[in-house]
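Next come two complexes built around subunit A: one with subunit B, the other with subunit C.
This part shows the complex of A and B:
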């Protein structure tokens, strides 16, 4: 039926038509135009993806549609037509009715859309009883059907639960079900999967694509993730600094990007399908201009590699080019992305395989970390019952040679962070051995020598919460130098400035305080602080997951450069498998506290795979609509680590379990299978079986 | 095919207090001829069609320019709409042919599709004509053949057997009693990925049947 649908779609009237939209916020001393020159149409059964970095006005457009701009925001120019009716200036009862009956929204955090003090069933039913006036029993029946439609296990039972009793992925499903209950013509989704794990995200994205087909809903899908947008959208609009700079079908955007910004964005996302050497990331230089200080010419001119005089003087309008794409660029016909050369001042890290001296810096053997959970019954309080344990890390064994990087991947709650915290000494270990440069590091931090602490440093995910907001950047970086006395007092300032330069920040950052920095700059300061004591090993806990793609590329390159300069060993935690591949020499895949596969980065991404690695890889959204990916979706949720499955911890969700001759064998611990050299897989399947799996991703 | 498979989902809706001039503009701009009028929760309250907006010229002739403007601007959808109890409707599980029969019997151009009194779509002449094209395989290219067969059991099976034996399939099929000739049926088939001559050769072997018409339809 796809073909027959195409026959008519574009002749019809669009569900929503946005023309030359400009949104302004009134602030002290004038007003700021947050969004300018945005135009697009969405037709029935289409998904318009909107991509761009943070702060470029994606969400503002969505808010303008439903008039959620706040007291100081208003639509300054242009029109928003929903089903032929102008939405700008509509208010009161009319707007309320439209929002309730025909437009629905799904936001990033499901917990903010659900009322924590009401049962899910009551919240869902409310939509139908209030808007449609259905009876209680009829509404309830409808809601259960809809929950089943979004693949909620045990739907009837979920109706009686409270939001906190279901997992994050399930909460998002409830929110999507709620949004669809009224059969809206337009569904606005603002980063609906950003807070979810890759495996859950993949399932939710499948669901969105399916619902669009079944309900003929027009979807506006906002995301910063190019891979996610490639998977769900039919058309894509790229936004930069409040303007739409390119608009085309999803195939055109990825295969044939026209605007220099789109080309730049695609160059700074790691690609999973290709081999490692082709996955060098090229960050876009400079940063997004603040809305009150945008250039008068082309907004992208200060960062563009093809900038010419005309670009600085005249702002290009969105125009259609022969291929059908709409581009806001004066010279798009003359730009050939294949001819692009990285600018000379861009320092690229060397990602070829480095020869280390092979001596292990960090060795971990059978490391365990259990947490005691205090119960609440009387027996627990009196200490008569054995306390229950959360087995956060079970039998971790690996070693990292000097100057190499070990990437650790896995879903949230699989013990990645606990493992790192145990190594750095924020937690003491329960059992097992861990040695660093020959010293035992299984004990708590207080038992460690100053010298040992100096050699192990950490970079955290969120630089905001790890920096003292009232200390200047210089003071923060100097602190470890003072503490560990690595630098004579008089030279500290020089040394800090040297570090800042190495982070490409410059001496003028010395006296700034954290709130004057952007997210990427803060993370650079975080890295500088970790490096200040010249540590042997730096542990990075998701250092780039909160950052925009172009900043992420710059930070990753910086870390690699630091590594090759100082010979630092890195432990790198990430949930994004494509980032890890680019970055690491070795990769460990964790599931529920257990390392299930470990080996050289290249080997992990090729068969033989552990079935869990295979599932993870097939869930990663790839920014290339032509890439073919195996469709494996894990069922159910990660079991509680308080009561992990017996034997192979993955067996309850393993898609390859049926292939075993005797499925009961899963209840015993699987053996470690040595593939080659350092590559080991923790699985009951024999290596022959595992090698027979097809590669997950094939690019054409 | 059921109504839910070929109706237009999410039709443009207006409310009773929409000015008539606005309703007229929405129709013209979006090239639509029917506007269901909806109340709270998308309940059907009425229907506005282009005919409902056509005023008698002799009536307007009795007014001068200023009076016409005032008269038109004071009118809302509520004043001209066909009230819900006079609107013929259908439901998503109805068959297309039944829905089409309502439309031909009553000589009307559209049927709002209701589920529990809530508008979930609209079925117009255009939707029916589109589904007609789909049912006869227009979106697909292939050989379009009309075969005349005697009205008895097992005749269609002969065709499908010949096609099946030769690794061919059909994308659409339609059959009807031969006009002006009793005791015969005509079947229209569309067969993809094959050339005209091969079909002629294969189907002319079938005894008792004749190829009435054969053409390649891209």
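This part shows the complex of A and C:
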């Protein structure tokens, strides 16, 4: 059946065959083998997904193929055969021709792949005029066709524009079109959707899958996101600390993972399953070994639950097991993931639905935040014209009970960060009410009492900038204690160490400087610093989005634990709907500054949905190829918040608008529809209609 | 008690290692090593001259305009003073001591060093305020400083010294005011970058005062580029002192001043070139040494950050 069809596909020679590849970088005082023991081949019409956490060598493999390793990197062992010819050591003109004609690459950030000072058309045409010697007009015609092929609206017009004049998703389409212009045999994509919003990402992923079928290209798709890889790949290779530890078809990897690392990885990704309890996350213990200090035996041995004597001594090679997968593990056959029990020292948070009877700590009513934007015309400069307004947050209304978590989700630019900044006082609000423990918090920090400031603290997104590089961990956690005088001076050190222990960091972290910590550890210190003044509310601005999945799970569990121990109320911003579900009691969905749906976490993920929530859910990549997801793709781009659509702000892109008897009604503000209890939807559709929608995700 | 001991023990090796680490950064760069060697040569010469010079630097005890010979290794000047002794002692006013106008007191640290320290302090305060606070404060500070930059430096020096009179403190003040705009620009650009980091947000949400944020959160992270800039500025300051000395309005006697030495020997340049060459070489080597040191350090520091 399905499998035999794939096998037949693999009869002829592979487009690329990588065998036992090892890449080393020369560094001060020796060299580091960044990649070892990697072998795979890609055939025509196949997508080989490469997944792994940051720093595991995914991109290095891709660079080795096109010989982009830089001045100090080289292929140490193994071979890279492309259409039969060896690529290792190829130089100069040969290599240049090959890169242009046969191998194309798409990078993560489209803004950096496109030249900002050239018109898109000129950049596209160059590929054809240089590599194929086509005439200007022919090349131009060809380029427009290709842009239409990647569903670029108004293709002919886009040719005359500059990169900054089109949106991020469109830029990535142009880059993909450029990569496909020469009909390459191999297309390497290095995290092409990571910088994009989830709804845009979904559309780009659809496109990639479609192009693979139509162009019969071999695609190597690199991503850290298991969900994305599940959606586009036919085969998947899992990399860990520079080695490929498992390689199999996409169904096998997700349904029947063989290597303990793959199993662990799948256990620590939040799934959008049918109920919340299925979404418990089990972090993998320990951390990825640095490339200059890898264990001599199996590289995963120090973190593996099934480790035996042999694993510490002998490095396993990739070998094929009867199911067809390739695994680098000595004991694959003896490991049954269904028998797996969490290790006893692993503390799991209680995520059962807690009864909400606490008093509201934070109450926000009709909160607005507008920014003034200075214009550039002469009138603006002279101050004759009213400055235009960015309506970043419009009429936000919600309340958070004590000890509960409110998750705020939405795509970039929807105002979720502004909302949190206004609450914490980095910005003052334009209108509306906001009270915290009965105190007014509509003004910014300078107008607040120190006791109030102490009760509201924040955890930040980027682990690399959350800590001041000039101070030790201890000094940074102690600072709020000194400032707010919550702890007598002599006890500060003990108190800091107590907090560090609660974050599962030892007392020896006290004197370390941030440079010596990993991303996850920095984030733990950031949480400790926020908790140091014993705040009532902690606002978390995407605290895990920059972390690897295995670390992300540990941090999320830690936050939940902290919450149940200290009774802290949390506001949790995220763009990832699956993380929010696992983490929150209540969820608010925002679009263009407006909250469109709010309610208990469970209710958000079931019908009735707001049409935007529905679209968001159907765009989330799920790390399970067998899960069925409704196919809803939003058209167009998010309108500018300087001039948002009248009435319901979502109506310009709403896929459900046509179902209304009178679509014109969307130009007026919709009513809040109370579903049950706290669940409210901001939509013109009646609840009966909304309830008729099918659930977006069904797992088998 | 026990806690204090642990803390002290943890501190000691880290401090020693930190010093060694910064030192090894200098040694990895050949340019910086050469620069450091040149600069330390003059510092050592200056230190020696405090306790010993071959002859008195001010006594006119030899024949005039002698070329280098076995008694006066570098020769003598137009008044019969030993050039080597004068050169050695000339290092002091630049790098090692500042003479206060009240009585016969000197404080450690030369005119060039204090001048640069002053411009660093003034420049950082202005630059950090402009960069961190932004808005109209930024506008006013930077407009004033830009106006100051628009004047040719030598004109500013002349105006200030003719208005205020000669003296070590006056020169220090002149260097401070003339160097401050450049430092402020650098500090402002660093502050603009660093203030976007999350740890600054964290400090703000803690309700820290702007001065705390500027001087304890931003400044320590800007110290690398500022220190390199300071190193370069010491070179410029020495150059400026030399120029002022040459114009005859530099550091006042009795201590010999390199620029002044060039100026006086210039009149006899056709009979005795040596008296011009030696102080000129001294200024050049010290300035080049400091420049090389700063350049090498900057390169190594930026490489370290990658």
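Here, the second predicted complex is superposed on the first by the 689 of 700 C-alpha atoms of A that agree within 3 Å, B and C clash if a C-alpha of one lies under 4 Å from a C-alpha of the other, contacts with A are read in each partner's own complex, and residues count from 1 in each chain.
We take it that a contact is a pair of C-beta atoms (placed from the backbone, for glycine too) under 8 Å apart; a residue touches a chain by one contact, two chains touch by 3 or more.
Everything numeric here is computed off the predicted structure, so don't read it as measured data.
S.K.: If you stack the two complexes on chain A, which partner ends up touching A:102: first (subunit B), second (subunit C), both, or neither?
M.R.: Only subunit B; A:102 stays clear of subunit C.
S.K.: Looking at the overlay, does A:529 come into contact with subunit B only (first), subunit C only (second), both, or neither?
M.R.: second
S.K.: Once the structures are superposed on A, label A:448 by its partner contacts, choosing first (subunit B), second (subunit C), both or neither.
M.R.: Only subunit C is touched by A:448; subunit B is not.
S.K.: Contact-wise, after the overlay, does A:424 reach subunit B, subunit C, both or neither (first, second, both, neither)?
M.R.: second
S.K.: Of the two partner chains, subunit B (first) and subunit C (second), which one does A:479 touch, if any: first, second, both, or neither?
M.R.: A:479 contacts subunit C only, not subunit B.
S.K.: Mind working out whether A:183 is in touch with subunit B, subunit C, both or neither, as first, second, both or neither?
M.R.: Once the two structures are laid over each other on A, A:183 reaches subunit B alone.
S.K.: Can A:462 be said to touch subunit B (first), subunit C (second), both, or neither?
M.R.: So A:462 only meets subunit C here.
S.K.: Identify the residues of subunit A that lie in both the subunit B contact region and the subunit C contact region.
M.R.: none
S.K.: Hey, which residues of subunit B end up touching subunit A in the complex?
M.R.: For subunit B paired with subunit A, touching residues are 8-10, 12-15, 22, 25-26, 29-32, 38, 40-43, 116, 118, 120, 130, 133-134, 139-140.
S.K.: Applying the document's contact rule, which stretches of subunit A touch subunit B when the two form their complex?
M.R.: Residues 3-4, 7-8, 12-13, 15, 44, 83-85, 94, 97, 100-102, 131-134, 138, 182-185, 215-218 of subunit A touch subunit B in their complex.
S.K.: Name, in rising order, each residue of subunit A that touches subunit C in their complex.
M.R.: 424-426, 445, 448, 450, 453, 456-458, 460-462, 465-471, 479-480, 483, 493-494, 510-511, 526, 529-530, 533
S.K.: In the complex, go through subunit C and note every residue touching subunit A.
M.R.: 3, 7, 10-11, 14, 197-199, 201-202, 204-208, 217, 220-221, 223
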